[in-house]
Amino acid sequence: MRLRAGCDITLQAPHDAPMVAMLRPRSGDAQWIVSERYEFDPLIRAVEYVDVFGNLCQRIVAPAGNFRITTEVVIEVDSSIAVSPGAEPTPPQSLPAETLQFLLPSRYCPSDTFDKLARDAVADATPGYDQAEAIRAWIQEHIQYRYGVSDGSTSAADTLRDGAGVCRDFSHVGISMCRALRIPARMVVGYLYRLDPMDLHAWFEAFVGGRWYTFDATQKEPRGGRITIAYGRDAADVALITEFAALETTSMKVWVETAETG
Amino acid sequence: MRLRAGCDITLQAPHDAPMVAMLRPRSGDAQWIVSERYEFDPLIRAVEYVDVFGNLCQRIVAPAGNFRITTEVVIEVDSSIAVSPGAEPTPPQSLPAETLQFLLPSRYCPSDTFDKLARDAVADATPGYDQAEAIRAWIQEHIQYRYGVSDGSTSAADTLRDGAGVCRDFSHVGISMCRALRIPARMVVGYLYRLDPMDLHAWFEAFVGGRWYTFDATQKEPRGGRITIAYGRDAADVALITEFAALETTSMKVWVETAETG
Amino acid sequence: MRLRAGCDITLQAPHDAPMVAMLRPRSGDAQWIVSERYEFDPLIRAVEYVDVFGNLCQRIVAPAGNFRITTEVVIEVDSSIAVSPGAEPTPPQSLPAETLQFLLPSRYCPSDTFDKLARDAVADATPGYDQAEAIRAWIQEHIQYRYGVSDGSTSAADTLRDGAGVCRDFSHVGISMCRALRIPARMVVGYLYRLDPMDLHAWFEAFVGGRWYTFDATQKEPRGGRITIAYGRDAADVALITEFAALETTSMKVWVETAETG
Amino acid sequence: MRLRAGCDITLQAPHDAPMVAMLRPRSGDAQWIVSERYEFDPLIRAVEYVDVFGNLCQRIVAPAGNFRITTEVVIEVDSSIAVSPGAEPTPPQSLPAETLQFLLPSRYCPSDTFDKLARDAVADATPGYDQAEAIRAWIQEHIQYRYGVSDGSTSAADTLRDGAGVCRDFSHVGISMCRALRIPARMVVGYLYRLDPMDLHAWFEAFVGGRWYTFDATQKEPRGGRITIAYGRDAADVALITEFAALETTSMKVWVETAETG
């Protein structure tokens, strides 16, 4: 399906504020960028680089005062996501080298402390895809979706204790549990068609049966219409904006709608 | 300055034809993509990857019959190019590792056979930038710009013998001579504002004084308004279209114009 | 100076145990491998890959029963380390892209929670090198070197609370405080000549004044004779052995001595 | 099988001569370095980096006068090479992205001019492995192994005209013909056990049936006991020594023998 998605962010800085933005999806295996725009107001100079996860990162110095970033993409994506009940785990010795880093604990996913919980949650699910799906279902059942409980320093362990959080937190718990079972898992941030209320979104992917599969513990059913902006080990790697000086987001608007083809 | 540049290519294939296109500029140090579109007609699925030079490459299978690719970019670029008479050569032991491959001979730049010519052409120019500039001037004086002399298999050695060629050939001669003097040199393909007649263009860059500088032997004066699409060792690496089955380009239109800011 | 360093590790596994080892230093800017050996007993097949930090990683399946790895390297390293009091911080917008990931919080370095502590610790030290050095000194003064307090899941926040730890923990605190001040900092594991008692060691590097500098909060004086085995964001990335099944280290011996040249 | 292989090279330079050496094999899927040494006489400082093909490259400045490099490796390799008659070509659209560059023409492999020859040589061989093998056999039949015919600037086209060459030239012809048939092919330099007379050696690999296979047109039978030092598009990329100033090789000794295990 073809989607038009974008966001409009206004920032306010007392002084010039160096920052890195991650707001540009990249074409890959699963999504194709038909058109795209990325504008600054006031107009400033930006430099782009690719980080170790393959994400396009925009380095800018936000000028003192108000600064606005508007990005929009028209993109072809799958209208449904692949599911594969019964898919077996990939044995550690057969994992592609680039997936191994997604087995390690990270800032918000201290998977080294999730052993027991993960085992209990998946109970007697068949190893592999079904475990990841059991984890997703466990989170949906045990963690409440609620704003205001978590913030930027909340880890998966904190979310377990609180029993509530938002998409970011749900993903961190899912990733931590997968890694505890030695299933590579990574964070995805992006857009989801028909998300309600509309916002930027986060979910996770688990590597089983020789490929990455999408899991979203905030949703009752597997849903397509997803646009990946960035991958990472957890939220630390995929912040839409990483600032290196005082910088406040004063407004943010996000949209995702269907676009006509051709 | 802000430019709007694009091309519209129609291809014709008797059977489905796998191909790689290189038609998507990337934001970097020297150019910033404000907006972009990339469309196929009929609509097909594409996969994008980054090659060893950092170029974005689009893998597609052109369907049998007529197939059309339209790309357009609105981009911020410099309106003039940096020049630096007197800039010294970077000693081999201080060259950044990633520049070393641009010292090696390549398909169309057999620099291992250009020693004497390069030395004669630069005569007593100061080593470094002035040598690269002397090479550019030598080419402009000694090689005629003329269509129909060269084709896709013409090397810099062939161009010397023929005494004529087009932008691709001028670049190959410049690169071969620079490398013969142990100055890293690479091929650039892209757009040039006010090129006449308008077409996709090629020029070269030489690494002296610790950075890459632009040289274009087809132009009398240093000119900005350049959009880089791809870098490579020579034309073999930066073909706009590399086909793996019969495929004919039946029409191609290129445009570059100024765009309004904001 | 030329050093001979190595380790001899015996592992015991109830079943075949897939694992990744990181026991092979690499030649780079600051160290040159003169000779090296890396042996398995019983002899098994290994595969090597390079991770995102540039570390050489050995993938093996440790056979059930006892398994022994012996590695040794003869290497040229600096006998003293560079110090640079007064070196200025590199402004965020000028940091090399590859250093940016070392500003982000990580599993054992939750730098997003170290703001106040870092500011207090450096007090009125000049921004840059002197701050990193003040952090090193602060750790030496405030954290006790003591075995048995920390384990593999201890973070820098835990170490602060405990007031004690080992080289790994000292490094995590140093890294967290540097990052809180927006100084890129990374973990190093390796060998240190004359370390007492001899063991594998960990320290940290901070990026100031345009380059990486070495800091070791376990030592009273700057000391050279260091061999880097691996770099990472924290201990999660640079485990000598990451196992994916039950696997116990039953013995480990480490040595570092001077070697004769030529 | 376990091999001990090495070389001892003496160079002579009138002045300090910057150079890059490629004399250090790397452990990978098919070979495991048990031990290794790499010495300079006189002792100098070297820096190592990894090139775009994944080869370890040593940057040094050879001091004026005599300079000696001695390298030796003890390594586990396969005693026979994989053969796979009937293996099908990998369709272009399914080729791993990193193999695509090995379809392009290069300095010594002007594959864009080998179309007809390649087609004639493989005649009615089944597409895929059998074509690559037919090419290998064709070269063995039509090109004479003879020293003194070729030098460092000899291309595959030159070798065809001369009807004679050495291992480097045989490889270039094989690579050019494979690429003309749209089979990715790359140059390998390394050691071959029982090569007679002993020397460093070159062969080629072709990508068919989803993996790289080894072909050596200088040998009557498929032979194992191969140690890869470096991969490249052709000899330009894998020179053992690339010098950037006057530098003469005054002697070179190469050895490969079996080593005892454990």
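Which chain is which? They are A, B, C and D, in the order written, and residues in each are numbered from 1.
Just so we're on the same page, a contact is a pair of C-beta atoms (placed from the backbone, for glycine too) under 8 Å apart; a residue touches a chain by one contact, two chains touch by 3 or more.
Quantities reported herein were computed from a predicted structural model and do not represent experimental measurements.
With centres set at the average Cα position, the gap from chain B to chain C is 43 Å. Rounded to a whole number, the gap between the C-alpha centres of chain A and chain C is 29 angstrom.
Centroid to centroid, with C-alpha atoms defining each point, chain A and chain B lie 37 Å apart.
Taken chain by chain, the contacts form a single closed ring in which each chain touches exactly two others.
A list of each chain pair in contact follows: A-B, A-C, B-D, C-D. In the complex of the two chains, the chain B residues touching chain D come out as 18, 20, 49, 51-52, 57, 59, 61, 91-93, 97, 100-101, 103-107, 109-110, 112-113, 152-153, 182, 236-237, 242, 244-245. The part of chain B that touches chain A in the complex is made up of residues 26-29, 32-39, 41, 43, 45-48, 50, 54, 56, 58, 74, 76, 261-262.
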